[in-house]
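Naming follows writing order (A, B and C), and every chain is counted from residue 1.
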Amino acid sequence: MSEGGCCVSLGQCFFDYYTTKILVIRSRKVGTLNRITQALVIAYVIGYVCVWKKGYQDTDTILSSVTTKVKGIAFTNTTELGERVWDVADYIIPPQEDGSFFVLTNMIITPNQTQSKCADIPTSASLCSSHKDCKRGFNDARGNGVWTGRCVHFSDTVKTCEVLAWCPLEKTDEPPDPPLLADAENFTVLIKNSIRYPKFNFNKRNILPHINTSYLTQCVFNRETDPDCPIFSLKDIAKEAQEDFQTMAVHGGVMGVQIRWDCDLDMPKSWCVPRYTFRRLDNKDPDNNVAPGYNFRFAKYYKDIDGKEVRTLIKGYGIRFDVMVFGEAGKFHIVPTLLNIGAGLALLGLVTVICDWIVLTFMKRKHHYREQKYTYVNDFGLLSNEDA
Amino acid sequence: MSEGGCCVSLGQCFFDYYTTKILVIRSRKVGTLNRITQALVIAYVIGYVCVWKKGYQDTDTILSSVTTKVKGIAFTNTTELGERVWDVADYIIPPQEDGSFFVLTNMIITPNQTQSKCADIPTSASLCSSHKDCKRGFNDARGNGVWTGRCVHFSDTVKTCEVLAWCPLEKTDEPPDPPLLADAENFTVLIKNSIRYPKFNFNKRNILPHINTSYLTQCVFNRETDPDCPIFSLKDIAKEAQEDFQTMAVHGGVMGVQIRWDCDLDMPKSWCVPRYTFRRLDNKDPDNNVAPGYNFRFAKYYKDIDGKEVRTLIKGYGIRFDVMVFGEAGKFHIVPTLLNIGAGLALLGLVTVICDWIVLTFMKRKHHYREQKYTYVNDFGLLSNEDA
Amino acid sequence: MSEGGCCVSLGQCFFDYYTTKILVIRSRKVGTLNRITQALVIAYVIGYVCVWKKGYQDTDTILSSVTTKVKGIAFTNTTELGERVWDVADYIIPPQEDGSFFVLTNMIITPNQTQSKCADIPTSASLCSSHKDCKRGFNDARGNGVWTGRCVHFSDTVKTCEVLAWCPLEKTDEPPDPPLLADAENFTVLIKNSIRYPKFNFNKRNILPHINTSYLTQCVFNRETDPDCPIFSLKDIAKEAQEDFQTMAVHGGVMGVQIRWDCDLDMPKSWCVPRYTFRRLDNKDPDNNVAPGYNFRFAKYYKDIDGKEVRTLIKGYGIRFDVMVFGEAGKFHIVPTLLNIGAGLALLGLVTVICDWIVLTFMKRKHHYREQKYTYVNDFGLLSNEDA
């Protein structure tokens, strides 16, 4: 019957069904161990991978578009400028940006600058006693202008090299404290966010369907009472990020407005809602507060009566709000489901390996089990336990 | 021969080859069932996972850089401004942005504003009959300025609280309809997009190799005739997004220019081309058109002959075009390939479990099969079917 | 004993332990083959998937915020403008952006433009001999203004259609070479980057803990000597990207500053550091240099003594630096670990299939092995090899 193993014809062979021969060990100990291990694996696969981690879902990353609109009026009363009111067109720079906005909160103003020559700000490099200390044409990357080669009086007692620059130079002062636009904490911002998960053709806005125009004209976001209102008070944003707005306003900073859209698209569309969190992005580590704050210089250009260009230089300190939209959408898909089921089944196979090892190593009757389980055959002849 | 199962020496044991004992059932029914189920699993793994979903590929997400250049001239003829021509420097605000551009299409201009005092716009809050109705220093976040504490004539019949503000105040009007810059629909924009898949060190631009300068000076994107031309007419963009440009131009809006780069890097590089789609991002749901459109305020600052600051406030309505670049590149990689093959094999194991269950439960000769498949041994003795 | 296979009670059946019957082949050849193949699979799973590709880790994508600050002074001496110094407020446009900054390096200035009528720039379309060649109101998207319908002298010999436009028109010249702001190569930029991996609640900045203020005031990034300094010289950036700054400055361009944060969060936090690379983003292919460079037009608006609007149009060429932050963080997680182990186990199962095939097809004693391995039973009766 040596040919019995071979197929008589290929067609017959094709329909042979191969199934492993099984040894059934009727033992409460082994059985219990086996079932507990199986239960653990199945609980992990179903409970953790499938239900908790949603392993049966295909995921997609977010596409997002953000527009913002700040409202508010600030009032300042300084000796330089007198009484002055600041509105949106004054303190939002640039007037529109994609997914980010900057609110001016403090500034150092240097008015009436013209292209001319004046004494440099005294530093170790610019102090001089005679013209030959000042190299003509010298242009330091961190300086204020180009040296003309002359040494002139900065004040009655101090002489510095003359520079060709926008004169008068900006005084390298600390910014005013309290900040000039302290009223900025009462400003509000409407953040409109439209998202899309392209793989699932799913679109949504953060102005939820139940929000109507009358609510939108008077609501302000509050985590407890108005969690869906897309209008935020700048003071509240700072407070939620554990920052003090007035302190932050002096030197400026960067604030992250995080909008998380974690959506289970197997659930109703209305369950997919944005979650807002706020976090200061610059200078988190207290040990490492190098180069703090956020500021930049910009100028308003005028022409005087003679047609000469005059500018007002503003070193603006303020808070940049970066709207960061992130999240993941999941929806049932057959590939990840089967991938996880397959991996789970493979893990179930591992259970048998462990139980076998325990049965054949630690059980009292291990020799009996072994004899039943294994049939030996070696290269030089057959040594099955049936022969024994 | 109880020691026969144990290895005589460890070295010998190491070279033992363990293979399961198999029961071959020669039955057309079971065989057919088995083969069909196997075929389904294999077809799924090879056809769907490998070929369709490209499960053998490692994927990477895109890095993108976008620059845009708008061209076009708009002509307006209003009583306020007279005949006027608008070019790129007038209607693109700010002049350059990263991955986004704003085209001014409509506006409310308030010229010659100065810091001064004037009667507030009549609202339920600002109407007054005497000075004591106006609290000095009151500053509403949604107001126009700071109250001076006086009640003055807004018109012959209406009295409102006086505000310190940029006066004259902007009239809270609806924007002009038809829009001021109706010509904007003829503007064109050249979008230059450079992408990179860092994991595969793959770079490409949306100006494809076959596009030459002469084509680029005269082409306009058309889905049928010029699908590779990176120059888009603003009117066509609106039309492709099922929007009417002139209607949208009145209150403004946000338009998404989606560039999808889905690249199979196992294929020739030239097959990886951008696909353009257009979608309006704001206000998609007709039931939920709260806070529609897109506008922002900005100002041009002047100095009058006395050196006093004067500004022209512009409430600009327009269309912001957000260029959204997304896509995924895939390339053959051994890890995902083997992960999917492994999971597929595990699923093939499932086939045997199902077939076994059918054979041993529903087949006529199930008892014979069972006797052959199972050998029983219990804790108290051996009960193999050979003994029976 | 036909009922022996069935469980006497369900409870008893539940504790049955099923284990496959195994044929042990004691053959050096097969054993060696088997062990080698197993070793390969295990080495792949442990070595490549787990250690090299970190298959045991869950991954997260980055959230990033970037602020930049450019420093430097440029000096120009032209016949039009005379001696002039350019500082940050002059050459950074717009003054602040999110994750990107533009440095003006070259320009074509057209001063004193007003809304008026002048002869168009001569092109094939605008040349004319009489008024009837010029269609009144014609407005070409790529033109300079709106035709008034008159044909006027552009120069003594050339007549072109008159346009209503910002006159005088910009001369369609090539930009100056060498570039006007050639000094821009000495500018430095401080890039502050704050990142977050939201899934792992991990934040870090590119100003590393060991960097102190005094180092930050004088360091410049250098791949060998100062790899952690976040201040970059524009010239060095161009050099690292294999570009010549002065050549690039003439027509402008787009430069990518890539910051890669690949973090293994199972390791100490201090091992997670940014890696900087630089790459030119526009116009990489030498064969395909269509529409090279980067420029845009912007204007400064003035009012003359009569209150008429006058502007200075600037066609600004320059380098836009896009800061692209990317990377992936990984941290041990049980799901991907078990997924990979499961797939690895399934692959180990494949080893047995291959070895079986070799043993039963190529080995000399294949018939003996087959007889031992297979037990045949067919639909019409039992044909086990025990019967043989």
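Observations
Here, contacts are C-beta pairs under 8 Å (C-beta built on N, C-alpha and C of every residue); 3 or more make two chains touch, one makes a residue touch a chain.
Only a predicted model underlies this, so the values are computations on that prediction, with no experimental measurement involved.
A rotation of 120 degrees, rounded to a multiple of 5, brings the CA atoms of chain B into register with those of chain C.
Two copies of one chain, chain A and chain C, form a contact in which under half of the residue numbers belong to both partners.
In terms of their C-alpha centroids, the spacing between chain A and chain C amounts to 16 Å. In chain B, the positions touching at least two other chains are 20-28, 61, 94, 97-98, 302, 305, 339, 342-343, 345-346, 349, 372, 374-376, 383.
The touching residues of chain C, when paired with chain A in their complex, are 12, 14-29, 61, 63, 65, 67, 69, 71-73, 75, 83-85, 87-90, 92, 94-98, 183, 186-188, 190, 192, 194, 196, 198, 203, 205, 207, 209, 211-213, 216, 300, 302, 304-305, 310, 334-335, 338-339, 341-343, 345-346, 349, 365, 367-372, 374-376, 383, 385, 387-388. The residues of chain A lying in touch with chain C in their complex are 1-2, 4-6, 20-28, 30-32, 34-35, 44, 48-49, 53, 55, 61, 93-94, 97-100, 102, 115, 137, 139-146, 163-166, 254, 256, 258, 260, 279, 281-285, 287-288, 290-291, 294, 296-299, 301-303, 305, 311, 313, 316, 320, 322, 324, 326, 339-340, 342-347, 349-350, 352, 355-356, 359, 372-379, 382-384.
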